[in-house]
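Written out below as structure tokens is the structure these notes cover.
Chain naming follows the written order as A, B, C, D, E and F, and within any one chain the residues start at number 1.
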Amino acid sequence: MLVRTKRNKLEILVDRPLLRRVRDIALEADIPGFTLLPTVGGGGHHGRWSEEMVTGGAGSKVRFMTLIDDATVERLLEKLEPLISEYSLIVTIVQVEKITDDSNDV
Amino acid sequence: MLVRTKRNKLEILVDRPLLRRVRDIALEADIPGFTLLPTVGGGGHHGRWSEEMVTGGAGSKVRFMTLIDDATVERLLEKLEPLISEYSLIVTIVQVEKITDDSNDV
Amino acid sequence: MLVRTKRNKLEILVDRPLLRRVRDIALEADIPGFTLLPTVGGGGHHGRWSEEMVTGGAGSKVRFMTLIDDATVERLLEKLEPLISEYSLIVTIVQVEKITDDSNDV
Amino acid sequence: MWSNGLTVIHMDVLLSPIILFFVLGALAAFARSDLAFPEALSKALSLYLMAAIGLKGGTLVAETGFTGDLVLAGLAGLLLSCLIPLGAFALLRGFGRLDTTNSAALAAHYGSVSVVTFVTGNQILGDQGLPPAGYMVAVLALMETPAIIVGLILARRGASDSVGVSGGKELLRETLLNGSVVLLTGSFIIGVIIGKDGMEPIAPVFVVGFNGLLCLFLLDMGLLAARRLREARSLTLRLVVLGLAFPVINGAIGVALGAVLGFDVGTAAALGILAASASYIAVPAAMRLALPKADAGLYLAMSLAVTFPFNITIGIPLYTAFAQFWIS
Amino acid sequence: MWSNGLTVIHMDVLLSPIILFFVLGALAAFARSDLAFPEALSKALSLYLMAAIGLKGGTLVAETGFTGDLVLAGLAGLLLSCLIPLGAFALLRGFGRLDTTNSAALAAHYGSVSVVTFVTGNQILGDQGLPPAGYMVAVLALMETPAIIVGLILARRGASDSVGVSGGKELLRETLLNGSVVLLTGSFIIGVIIGKDGMEPIAPVFVVGFNGLLCLFLLDMGLLAARRLREARSLTLRLVVLGLAFPVINGAIGVALGAVLGFDVGTAAALGILAASASYIAVPAAMRLALPKADAGLYLAMSLAVTFPFNITIGIPLYTAFAQFWIS
Amino acid sequence: MWSNGLTVIHMDVLLSPIILFFVLGALAAFARSDLAFPEALSKALSLYLMAAIGLKGGTLVAETGFTGDLVLAGLAGLLLSCLIPLGAFALLRGFGRLDTTNSAALAAHYGSVSVVTFVTGNQILGDQGLPPAGYMVAVLALMETPAIIVGLILARRGASDSVGVSGGKELLRETLLNGSVVLLTGSFIIGVIIGKDGMEPIAPVFVVGFNGLLCLFLLDMGLLAARRLREARSLTLRLVVLGLAFPVINGAIGVALGAVLGFDVGTAAALGILAASASYIAVPAAMRLALPKADAGLYLAMSLAVTFPFNITIGIPLYTAFAQFWIS
């Protein structure tokens, strides 16, 4: 049977060289899972960028996405705060309904 | 003129070998359209994975996204239920505002 | 310290040859930043498509995403209206919470 | 004698690895195999072929020098790419029963050219001892854009249809600086500068590897063409007929023009191939911008899934036979 | 004498650039270097290798003609790919302590074959003056699928486990038309058609470049294998033992069968390599569909991270030594 | 006589296909053409070049053996990569008017090296009969990392700036195991092991194809460099001046050191090229982690869009002329 639960879909736009650190911290905060989503470019206060593998990924970004409950959001943000501040990362949170088979929903 | 309608943005994280089946079932449920979004990796209860074309896509995933109204959500989930259960797929639904030209909104 | 602000996450599904125009118009509307997200295929009233670099990108699409406040949404949609109508673009808007370091939130 | 010659050439060509790989790709896609090239590989092969054919043409011209024939061929190419859309437009409106916008968009495709068709033809002609003149690569680059302008004029005359938001000037700049035009022209000029001697150290990649990489690319083109054909919705029988008739008619006109201008067999055949081929790079992108109400699925299907396979398998030997018949 | 011969061959092979690049990749991944190939490059190299090995086999068969040996080898291959899963299944259930579904899924992998293992073995055998018969490429293609069916029957007998939603027929079609099967078979047929002469113009890409590109691919495979090993959670010591025992047992059986059938050393060794190798393309995709409750991380780790490295480094020279010992 | 020699070499080099393709890329990007390489192709070419140059250096060393010169050159390289950042830092703070963090980040780039600049220089020197010693590839690998540490020390002394969250140890590990360092060193060692004989079967890919693939890669680098220049916001005139002065000064120092140590012309020129070049792979990634407040757009623009084009077109022949003047 399908179960529907309210979850937060939290996304962090991470510079590729930073990815490993973000992931390790997130796993320490006991998230149940994560999915990495690609980007192709962008622009902001610090200028434009586009995916550029040649420069060792220094200028590329990836989105770290995780579906978590409210308590985990707070735990995760607390742990990530130094990284978010230091590297000016952008985090977004959206309310979603998560649907899975009940045997799968841990 | 632009029209704004409330829609559900439904996303399914699908193993690549399964994609054709999910798409065919979704089309049977009469969705008005869909867009496929890439992923680059992830992790969960069943371990880590990352995009790996060499192994025939067995370990890769893709997101099947469709903007649909409430009735279609129910119809679609009903049809997809066996697949979601069998393959432990994760579905998310977000409320969005969809904006298109009125001549385009069918 | 982290600041949380309510923002609109606006996404436009753009044909690749159109991307430059959409971006220029959006920048004219004074958006604070944008991120480009890839797609791999899709289908709708005008048939199926999939990423196909060989045909000069004529058949490929990319998502233009921007996190903006309500006033900017209106300004942006006004400027984009001719393009949305002419090229039958699909725009979606979701309410999100944006979290950044306070020194970064402009 | 002649028809025998044609048959022999034809069978030979159909059994060349280039064509066989194309057929393999098409069969795989029709059978719904999941065989697929990663996008980046298709794009890489297509960039490689343009650089290689540009260099080849350039070094040939470096040897022969700029001759009057070069100018003649250029003018012939321009003429063809301006006139072909007019005829195509009339047939598409009439026999094809298409509306103005779609007819204009398709007409532009047929007035322009397909790099891979030319490259394949050039290879096949060379293998048969009929290498076209090097400057035909410059003609290829020249013929990419003008038909777009003719197509847009045709569409505009059809009143009711508004032409895309983008001003004509910006569109013109984008089309003239389309990646394929720039790479072809640039490599051609580099070829002219470095000449045969300068080519030597880079020949292993750009000359020796050419045939094999073309096989891989055509395998991918077979996959793409057959997939487009399977998914083409708006393709009517009448349009398929036109998609096969256009290359024969335009090819014949191109070869004839080449014969009249006194070109050799290979060069005249190459002009025929250019005339017969339909664009699937520069023109679709421009049409998506300028004529948004035209059906992109339709023009890509006609160009990639009908005309391209015809040219690769039957067209090239046919135009060669025309040239042999009319010139020798 | 014999054991000396083995040692010499072995050291030689371990110091060949192909193997050294594989080791480099594995070391880099173990050291957690960020060295990585873009996906499209890995896929491109893998497509290239299949086309090249297909062509190679085909042109060889074009020369020797279709002989009785070809049919014999095909039957031997089919037999192996049907029987190996039965033995593997029993050992995985018993010694390996796995449940029915996972045992069946893994058994299917060992009954099927690994293209890269075959390609590497073929290259190494050729370098030692023991080139396998060309038709072994056809046997390679033949052996990709049958084990999948055997695996599914084994899984179904295990009652409680439901087999995937997808009907068997659709799954069979998809597996038979798997990209690697189609490309291998197609290139093989093209090779038969064009023969040695037709290969000449495309040989620079498909023959001359083969060894170097195989190095690059094995560098990537080393990265992938070591990463899988590092992240494999459900891999037990018992399973690792089986992942090393299977290739030795199956390899020996394959070589023995080849010897009994009267094949030459290279061809018998190649049959051993096919028997010993485990699939990581067609089978994982099919199992993900048909046996969703099986652990994909496990079967990919066993096939890619245990058996593949063993075969590349130790297995190939070992089966060659078996063949030399039993045949000469 | 000398200045004539320089001019001749220079014109020759500027008209070599390698440089012409670089210029083509730059022109295309300046004209805002949509010509672009897929990321995977750029990455593939860059991996290929590293493997090829590593193998080349290794096989050369396998022939000449490990000599005292190798150790000398290594020490010279280390010295340069530690001292250059100090001078660069002072000039960036003073003349360049940059803050401590950005000066330190940029200084690290100039102390480190650019693989493609070295590869291009190596090729050009070889074409002129002045091949550098094989061990210079090892020096190249050696020089990638030390400047990063010097740069971080410089940044830390600038008190107020906190250095990135990541501990120094983890960062050091990541930098030492950066993909480019691992691939270069690994291929170099493989080259040493297999020697000239072992290279033979893979030479078609790694040696014969080198020049042509370098052309393609430089076409892409031209596109990237010009695009970076167009989008660079924080690039001041003073910084551009430094971006051109650094390579000349460092190049001269490198060549002089080589001359003092008694190296031959090609080897001394190669040391000059290494000193003159600025990193755009290992260092930017490390700086993004360690000095997040430094402007990534700025250091990539300086390295890729100012210094790299200068070195490729003017620098390489200039340092060669220095070496010829001071040594012969």
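Here is the rule we use: a residue touches a chain if its C-beta (ideal position, glycine included) is under 8 Å from a C-beta of that chain, and two chains touch if they have at least 3 such contacts.
Keep in mind that this is a model prediction, so the values were computed, not measured.
Interface of chain D with chain E: the two copies contact each other largely through different residue positions, with under half of all numbers used appearing on both sides.
Chain centres computed from CA atoms place B at the largest separation from chain F. Inter-chain spacing, taken between the CA centroids of chain C and chain F, is 38 Å. Chain centres here are Cα means. That of chain B falls 20 Å from that of chain C. Distance between chain B and chain F, defined via averaged C-alpha coordinates, is recorded as 46 Å. Chain geometry summary: the mean Cα position of chain E and that of chain F are 41 Å apart.
Touching two or more other chains at once are residues 34, 38-41, 43-44, 178-179, 204, 209 of chain E.
For chain B, residues touching at least two other chains, in rising order: 37-38, 53, 56-57, 88, 94. Touching chain B in their complex are the following residues of chain A: 1-2, 7, 9, 23, 27, 32-38, 62, 67, 94-101, 103-104, 106. Taken in their complex, chain F has these residues touching chain D: 15-17, 20-21, 24, 27-28, 31-41, 44, 127, 204, 208-209, 211-213, 215-216, 219. Taken in their complex, chain B has these residues touching chain E: 15-18, 21, 46-49, 51-59, 82-83, 86-88.
Residue ranges of chain B in contact with chain A, taken from their complex: 13, 37-45, 50, 61, 77, 81, 84-85, 88-94. Every residue of chain D that touches chain F in the complex is listed here, in rising order: 38-41, 43-44, 47-48, 51, 55, 173-174, 177-179, 182-183, 186-187, 190, 193-194, 198-199, 201-206, 209.
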